[in-house]
Structures are given as structure tokens and as C-alpha cells.
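Quick one: structure below, then a few questions.
When the chains are written out, they are named A, B, C and D in that same order, and each has its own residue count from 1.
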Amino acid sequence: MIAVLKENATEQQIRNLTEWFESQGVKVNRSQGDFVTILGLIGDTTKIDIDLLRGLDIVDNVMRITEPFKKANRKFHPEDSVIDVGGVKIGGGNFAVMAGPCSVESEEQIIETAKAVKEAGATLLRGGAYKPRTSPYDFQGLHEEGIRLLLKAKEITGLPIVSEIMSPEQLPVFEEVDCLQVGARNMQNFDLLKAIGKTQKPVLLKRGLSATIKELLMSAEYIMSEGNPNVILCERGIRTYETYTRNTFDVSAISVLKELTHLPVVGDPSHATGKASLIRPMSMAAVVSGADALEIEVHTAPEKALSDAAQQLKPDEFKGVMEAINKARSIL
Amino acid sequence: MIAVLKENATEQQIRNLTEWFESQGVKVNRSQGDFVTILGLIGDTTKIDIDLLRGLDIVDNVMRITEPFKKANRKFHPEDSVIDVGGVKIGGGNFAVMAGPCSVESEEQIIETAKAVKEAGATLLRGGAYKPRTSPYDFQGLHEEGIRLLLKAKEITGLPIVSEIMSPEQLPVFEEVDCLQVGARNMQNFDLLKAIGKTQKPVLLKRGLSATIKELLMSAEYIMSEGNPNVILCERGIRTYETYTRNTFDVSAISVLKELTHLPVVGDPSHATGKASLIRPMSMAAVVSGADALEIEVHTAPEKALSDAAQQLKPDEFKGVMEAINKARSIL
Amino acid sequence: MIAVLKENATEQQIRNLTEWFESQGVKVNRSQGDFVTILGLIGDTTKIDIDLLRGLDIVDNVMRITEPFKKANRKFHPEDSVIDVGGVKIGGGNFAVMAGPCSVESEEQIIETAKAVKEAGATLLRGGAYKPRTSPYDFQGLHEEGIRLLLKAKEITGLPIVSEIMSPEQLPVFEEVDCLQVGARNMQNFDLLKAIGKTQKPVLLKRGLSATIKELLMSAEYIMSEGNPNVILCERGIRTYETYTRNTFDVSAISVLKELTHLPVVGDPSHATGKASLIRPMSMAAVVSGADALEIEVHTAPEKALSDAAQQLKPDEFKGVMEAINKARSIL
Amino acid sequence: MIAVLKENATEQQIRNLTEWFESQGVKVNRSQGDFVTILGLIGDTTKIDIDLLRGLDIVDNVMRITEPFKKANRKFHPEDSVIDVGGVKIGGGNFAVMAGPCSVESEEQIIETAKAVKEAGATLLRGGAYKPRTSPYDFQGLHEEGIRLLLKAKEITGLPIVSEIMSPEQLPVFEEVDCLQVGARNMQNFDLLKAIGKTQKPVLLKRGLSATIKELLMSAEYIMSEGNPNVILCERGIRTYETYTRNTFDVSAISVLKELTHLPVVGDPSHATGKASLIRPMSMAAVVSGADALEIEVHTAPEKALSDAAQQLKPDEFKGVMEAINKARSIL
């Protein structure tokens, strides 16, 4: 960590600050320029609060040099991590597709969809039983019943299942779920991350709506530092000023994550764009950016009235997307 | 709710969609233009998923007309709500200042600070015992011990206390805390909101880093719909591209919230700006924008080394800020 | 256009507003619900100021139904436009790569680079002679001399040239330049757009730093409505809160633009990411998203000191990128 | 400027980079840590391209220490600049209010409005003759005729006038205009800035939609470095994800600008919020944040149909805003 002091910092202030750093177990290397004084901090600076430092009157700027994430860091773990999700491997060249409806709505719906996505080539079934909804008046999911139906669909199709967990108390209900999804809104629900960190369950950790790449990695670090190495990261669109797409799919974040961490990275074009017509090109874009897996919403429209008008892909459209994905995979 | 259909929607599709709406208990008013068909949806549209609708192939655009928040809505509750926090009233003309350190660090620190802020005119003591930190390696707070120290400071000074809660399991620890703070990162931790909604505790609900004004109101609605009307909203800066300040203080959101809701609104210039020199003007700006209270970080620097370099206001600076706040109050 | 009126709009106000619309030559279709009145505006609403309307006390919301861009609209011009840039076709299945240095620095540099990018497969040479720099103290380009050197490089290699124009007065200097680039900062410099619209020069119009997709199309419309149909659009990264990459490459905007307009679309991974290691994956991502061309920075580092440390691709790295681009092209 | 090199930088690379810096006239101070090498660059680093440096393979991070703006910098010019706009002083304790319609529409409209705003206390008349509109099909202003009408209104009321200029060719038309406004879309139209810099006209420079505070100052520097010191800065709202207000009024930017520069700073609540009801609180917020002037849209609705429904303030509402502004001024 480097602290650049302001021109008007007095000798006494600099000495006080230096002593305080040393009391935190950090060695200080002072470099005096004509106009500025630079303090290089050597040692374990993870305990130093960078915001506190930035706010000090005599400090002009502070810059971290070593990345604050350790266990997720590719520097210290150069080989790709391979996560086993109910027998399906993700990462290190193993590519997976998680497909299924946004919400589990009925037994018929989830089983039909599971069969359809399996046939089209999906390797995992995704479906929401607990739905984080902006409004308390919106449908919140089938809860335990939804998990039960997912397990039934797994039994029938053999597809491991991925479903979103919203609080530590739900862990017992998720015991047989193969992969816990932590949604964007909970990416910094640290108590949930720590609780999941105490299990060995694979986790699909989604990037928060306005989380930086480094914050996503720090949230992975919360899970890993508790002992659970099975973290899969997911780029699912960030919030920007553009309103044409639901979010802005930060495809380059996938490539950046592949550089910075050994953890597998998933792209979620469905939530990122909110438009069925963009799933195909954005799935391919995620693949060529280095994604280890994709998460795609697919449903068999049980309600005839909506059947030809759905945002989520219908199974036959999903087949076309799978072909495009396979083509994109073929050139890497 | 209004759905504008695309030019190429067939009569059959429109009829299917209309039937589906009706099956959801919503009356449909069709208006046929030369190029577009507009469906006006009348009745309880809260159950209609606007994102699903937007994704339909035949739908061009969807617009909500009635606001989806009910209990927080000023339309249905025109008078200001007044929330009683341990005997201190907030809202409806009652102005409060919550002051104190970011984290409770020691008995001496919190008691000294409590005395100092009380003397300067603060009416509530704020201090963190559970700290949501981006890094798992950063100081996470004193936990139960921190709450114990806050209660001691309350006993000595008489100031009601405000402290951040991070998960439902912590509720028993917060039994004597006068006001539960829900931090920006947990604004959409719906399970936490629901659990707090089942108590009657005053809640200080902070706007998420990239939450819209309406999303903040919907999160208040989560708490209120469970039975707890004692919600206080807080604008604490939003994440934008500007990096000079830590966040961008959306002062106009305070005025907007005062129009849209009867709930009290708090401004937090400390987190919004991250710069001590901006606390004074931004406190005044929040007051003239209609804020019912302010939350300001103040500490008595126990570590001599940092004593003249702190971001958080020192007690004597806070006195100056209180004077400015009172002046701003005087002209309303 | 649809205007939704507030519940409290009086009959007199609604009648006044209706008359005003009619005086603007627009037919009004009124639809009365229980709580809201909706005015459907039929006819040429392009002259109606949507911001003015939104600000009216009795108006709750306004929604445009027909897109305000006409000449750029794929609805009215379903086939892809093919733009001829000095003999190189772009669009309608014709793929091009514009490569070259950020700035023209010397004759040796631009000629060497031109030869190298041509050999690697680039079909156009790009290079800046007029540089829009944030600071007036930064290098502003070689100006006329830079254009002269580009033309020399064209003469030797046969590559048509693309270079940025910053004001209408520079048009005579650009007479022999094959394609005028309008930079992100000038995307809404309407006087420049109109002046270029009066020529028949191909234009590479870059999306502004925080321009929406629709605003980009409206800027194209400025050029086209003056009579110049030869507009090529360019996604070059948007400004978001993420700081790891220089901007956020909005890859999905390429796919969206291909849906909305018949104009060719270019992806610029160099400016979007600011990182050499991301050029390869982001070039592929742009191609599979439907880009008709790419613009990539390449230079032969004339200064030995910087030769092994450059952000811009070196010619041999660019060769690798071209191979990846060709692979991505092969699967479409 | 400080460059932090990556751990894997070789001795040869560091020496090459050092020599290159020295060839640019910059002294290099090398500081060797255990893991990183830091190069402190001393001397005139304004010519060093920070983006180029950041892109170098061996460079981890670069940080500017001295601000790149000189003439606008309060460090080198501690006293407030006072700009004389047609006899009205702005800055250094001199407060002004610029009021008037968005566009000049007719002689009657502008003269009536001018009289009304003068009576209410405005000290300058603003009105647009050249309007930058997103769509080429929208009303673009009355041009020369609009300027002529503004001058007539000035003659009658004595109010100096402020009007937006869009390109250097318009300078002759603006010869008698007291203050040239450069709009948000043209904040980085560097050719326009340079042309204005060659005059001595007061300039109202508006912050770009997504411009940082430092970029605004650098644009001021463009004007000042050409010889024109009469620059007035204007915060008019930035583009964020929030859509309830037209833009987000970055009130704290006013306070920050007052710290960083000696130039006067104006707040424009009309464009920032787009809502008449927010003008009053946001005007007060801007004043207590340190604004030296306000720019507010006011019109006398000539079209009876729109007269009771306008976004822009009507003269009698503006009177109320002026009272609030004066109250806010009284407590500073």
C-alpha cells in the first residue's frame, strides 16, 4: 500500500502517522520528493482501513498494490479450479450449461422443462424456489415445495440442480440441492456468505448490480476464507444509465475474472439483457470471452395464452442457442 | 398498468394475452390506434410481473401507472409519520441528529464520543457493532460487546442508540437497541426486512448503492407489509462514475422521497461524500431539501497519532456543523 | 406517443392540453379509465417536446411508441446498408478491420505500421491526426502533417484511411481521407454532424461516453437527414462505475443496433477496455455479436524504450488477434 | 506522478522505462520495495500520457499527484475570481441569478419573461437561440432572430444576457451577448473551447452529462490556457441509473469545485431535476453548498392551453423561489 501525503503535511504529522502504521505491524518506507512525501507500507496491510486513510487531512491519495483477495487469487493458485456440481465438472476446460425456468411453478412445468433442456444439451437444471422480488406483493416462489419439485426433476432426468438461497436458515432445505445460488442482491450479505462458507456446497455467486469486479472477488473470499473452496462466479449484467437492455452485460468482466482468479466463471445472458433475441449472440460472446459455463432461462410455457410470446426461451429456441454455443466452443 | 403492443401483433396473440390478463383477475381496456394497440390494465396489477411482460415478443413497452408501494405511499397517508426512537421523535417537524463513530472500538471511545456529541446537540448516538466490510480480513466490529458498550453509553448520556443489524439471528442481541439500521448492502436482503417487519422496532433503512428511489420504497414496503410501520429512510449516496467523492450524494432524492412518502427521511453526508470538509455544506443541503434527520460520523480520536488527521469529524468540528444545521433549520 | 394524465387533472386542463396537441397537428385519442386518463397522440409527434410534456403538472408519464429515428430505422429499410470506404465494403456481410496507431507520430511509424497491419489482414488504416485530449497541455496530434502522412501510407499500402475530424473547418483538410471519424466526445456536436451530413463522405460515428443506443441513432439521423447516408456506427465502451477496465464494452449494444438499424456497426475493443490482453477475447465477442467491422489500435513501437511494454498491440500480437477474428467469423 | 511497477518487471525493462521518462524531461526517483518498484516522476509530467503508461505491461498502477489543471487551480490563485458579466459581478461573494425560458420563442414571450424575472430579483436573462436537440426533427431555436430578441429584452430591462453557443462560426452573432453558454454536450468540444478562449467573453461552461469534476476543470483550462480567464463553471446534473429525476443533481460537486478552483460555480436545478417542484429545495441546496449563482428556467406561458401545466416555473412561482434563495443566502 502506498500513501501519498499532501504538500502541507508537517514533519510531526508524518511522524505520528508513521508511528501509527508501525503500531499496526506495518513497516514504513518513506520517500521524500520535492513536493510530496510518499509512504510505502510493507507487510500485512489487510487490516489497514483504506477509506479511513483516504479521509485523513494530510493524505492526498492511497493506492493498494497487492490485491486484497488471497484464496481466490490466480497468482497464488495458477491452475484453474474445477468444481464438481453433483457429478458435473465446471472449470479447467469443463464447460456446462445451466438451464431452466426463472421460477418453479408446478410439477408438470419443471419436469417438462428439465427433460427438454436435457435433450437440448443442458447439463444442469436451474429453477427458483425462493425468489427475491422487489415488491413484497409479487410472487415469492414455492419455497420448500419448489425444492421438492426440483429434486423430483433431478431424479427423473439426472440433471444436478442449482437454486437460489436467500438466508442461512434455509440451508437445511437446500441439503440435497447440488449448487447454491447467491443472487445479485445478496452478494454482500456477508452473514449468508459466511454461513455458506462453513459448508462444502458448490456456490454460484452472482455479481451485485453495481459491484466492481474486485468486490465480487472479495465476496468469494468471504466464502473461501471460511473453508469452502467451491465458488463459481457469475457475471449477470450491471446497472448503468442504458435502459434498452435490462442491465448491461459486462462481457469483458468474464475475461478479466479469468485473468485474476482460478475460480470458474459463468455468464448469464438472460438476466443481463432481459431480451430473448439477445440470448443467442450474448451466449456466444460469453463463451469466446472465456466463460466456463452459461446460465440460461428456458421454460415450456404451460399457459397456452403466453406460449408464443415468452421472454424466456422456449425449448426449441434453446436448441438453436445450444448449437450456437457449441460452435463458439469449437473455435477456442 | 399500460401495455403497448407491437405493430406486428396478430389478433390471435392479442386475444390470448387479454385472456391471460383476465385469468389474473385484471380487467383489460383495449384501445386500437392506426399503428399500435394499447391495453389498459385495470384492477390489482401488483401480481403482474412487469419484466415478464416487457419480454413478450408482441409487447413494445409497459408502463406502471399506479405506484406499486401502498403503505409507504403519501397518497394514502397524507400526514407525515412521526417515529418515536427511544423517546426522540423523528418526522412531522421533529428534527434529529444521529452522531457517533463508525465503529465502537472501546468503552472509553464510545462514552467520550457520546458525551461530546450530546453536548454539541446530537439527539441520538450511532455506532457500529457489526460492520459489513468488503473484505473478510477487515475488522468486523466488536459484536455483542459493542452493543453492550453502546447501551452503557446510553445509560450515561440518555441518548437512544442506533446500530446496524446484519441478519435476523442478531435480533435478540438488538433487543434494547432503540433503532435498527439496515445498511445499503442489505437493502434488498428481503429475509432480513421481513424479520424486522415482524417486530415493532424503529428501522433506519439505507438506500442501496445503486437502488432507485422506488426500490427503496419497495424495501420499506417489505417491512411495513409485515406489520412494522416504524420505518425511517436514509439517503447515503449512490454509486456513479464520479470518483472524487466516495459516492454521489443524491440530495434531490430527499425532496422526492418527502413528496412520495409520509415516512421520515434522513441524510447521511458522511458516507455519501467520504470527506470531512464536505460534511458541513452537505448537512445544510440535506436540511433545506427537507431531511427530517441527519446521520453524521463523529469520533474522539483515542489514538493520539491519528488525532489531527481524521476523516470523521472531531467533536469541536461537529459543534460547528451543528450550528450550521441549526441555521439551515431556522429558515424553513 | 402516449401521455398518461394524473388522477387530479381537471376536465378543463385535459381539454386545454388536447387543444394544444391538436394545434400542433396531432390527433388525440382519449381513453378514460377509472383512475387515469390516457391520451394517445396520433400523427407526426416528432415536434412534440417529450421533456416539456413530462414536466407538465397534470402529466404522470409519457411514452414514445414509434421510434424517433426514421432514416436509420431498419423498419423502413430492412436490408443492411453497405458502405463503400475507399473501395472497401462494410456491412451486409462485408467484414472489415480498421487498424493502426492511436496517433500518427512520424512518417516511419505510420508507414511501418500500415505495412504490418496490412500484412496481418487489416483492410483499413486508422490513425489520429487531430486528437481530442482531456488536457490542453497534452499532445494534440500532428494535424495537417498527420493527414499528409496517412495519405502517404495509403499510397504505399493501398489501405483506405480513417481519421478523426473535430470541427467543420477541418473538412477541406480531410478531402482525401476515406472515412471521417466522429469521436465519442463529439457525438452530440450537432453542428459538426450537420456539416458532415452535407458531404457524401463515409462517417464512423462513435457512441458517446454516456450516450444511450437511441441517442447514438438520433445522431446518425442528424447526418442522414442532411443527405449523407454513409454512416457507420461504433460501440467503443460506455462510462460506468467499474474502473478495472477503462470503460465497459457494451457488447450487447452491437446486437441491439443490428436489430434496430440497417447501418453497419463497428466494435472498438481497444478504447473500450484499455488493456492489451482483452483485445483478443473482446474482438471475438464483438464479431459473434454481429459487428460488421472492428477498430483496433496497433503500433510498431518506434521508441525502443517502450517497445516491450506497450498497451497497443504490436504487429505480431495483432496477427494472433486477426486469426481469432477469422475463427469467430467462420462460425457465423 | 507515481508509477507502480509489477513484481515481474525485469531490471532491463525498468531501466528502459526510466530512460524514456528522462528523455521526456522528467526526473525519476526509484524506490525499491520487497515486492514492488515505485518510480516517482518529478518535473513537468503534463506531457506524459497516463493512459499509455497504465497500459504498459510492466506497470501496475499510475497515480497523478499534482493536479493537471493549473490556471483554474485554487492552489496557485487562492482568491476567488470575480467575473463581470455585462456589469453584473459573479463570484467572490457576488451572487447572481440567471433566469428565463429554455428557448426564445417570440418577442412578446422573451420581453414579458425578462420583465417578470427582473421584477422577481433575477440579475441576468437566459434564453436559448441555438438549441442542441437530440433529434434533428425537433425545434432547433430561432438562431440569429433569437439573439436579436434577447438583445431587445436586454435593452428594455437592462438585464445582461446569457445564451448557448454551439460552434465557433457563431461567434460573430454572439458579439453583443454578455455571456456565452457552452452546453453539457459540448463540454469536450475542444475546438469550440479554444475558439472561445481566444476571446475575452465570459463563458458559462456546463459540466458534461458524464464528465468528472476534474474533466470539467480541464475543459475550463482549455479556455483559460488560450488567454480567456472569464470562466464560470456550472453543475447541471449528471447521468446515473436513477430515472425519477431527469439527471442526478451532484450538489456536492459545487462544494468540491469551490475547494479546487477560484472560478465561480453555478447550480442549474432546472436541467438537473426536470421537475418544477424540486427547483425550490434544490436552489437552496445549491446556495448552501457554496454556489455563486443559479440558472433557473422561467417562462410566461404564452400559449394559454399550457399555462397551468408547465414544467418551467411561472413568474409568480419564481418569486417564491427567489425568496427561498434569499433566505438561504442570509445564513451563509
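Convention: a contact is a pair of C-beta atoms (placed from the backbone, for glycine too) under 8 Å apart; a residue touches a chain by one contact, two chains touch by 3 or more.
The model shown is predicted, which means the values in this text are computed figures rather than measured ones.
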Would you identify the groups of chains that remain joined by contact if chain B were left out?
-> one piece
Far-end chain from chain A, centres as C-alpha averages | D
Could you please state the distance in Å, as a whole number, between where the Cα atoms of chain B are centred and where those of chain C are centred?
-> 39
Rounded to the nearest whole Å, what is the centre-to-centre distance of chain C and chain D, using the mean of the C-alpha atoms as each centre?
-> 25
Separation of chain B from chain D, taking each centre as the mean of its C-alpha atoms, in whole Å = 31
So which stretches of chain D touch two or more other chains?
-> 210, 239-241, 243
Give every residue of chain A touching chain B within the complex, in rising order.
-> 13, 16-17, 19-20, 23, 46-47, 49, 51-52, 54-59, 68-70, 132-139, 166-169, 185-186, 188-192, 194, 209-210, 215, 218, 221-222, 225-226, 239, 246, 274-276, 303-312
Tell me, which parts of chain C touch chain A in their complex?
-> 210, 212-214, 238, 240-245, 248-256, 259, 272-273, 277-278, 281-282, 284-286, 288-290, 327-328, 330-331
Chain D residues touching chain A in their complex are 2, 4, 29, 31, 33-36, 38, 40, 42, 60-61, 63, 65-66, 210, 239-241, 243
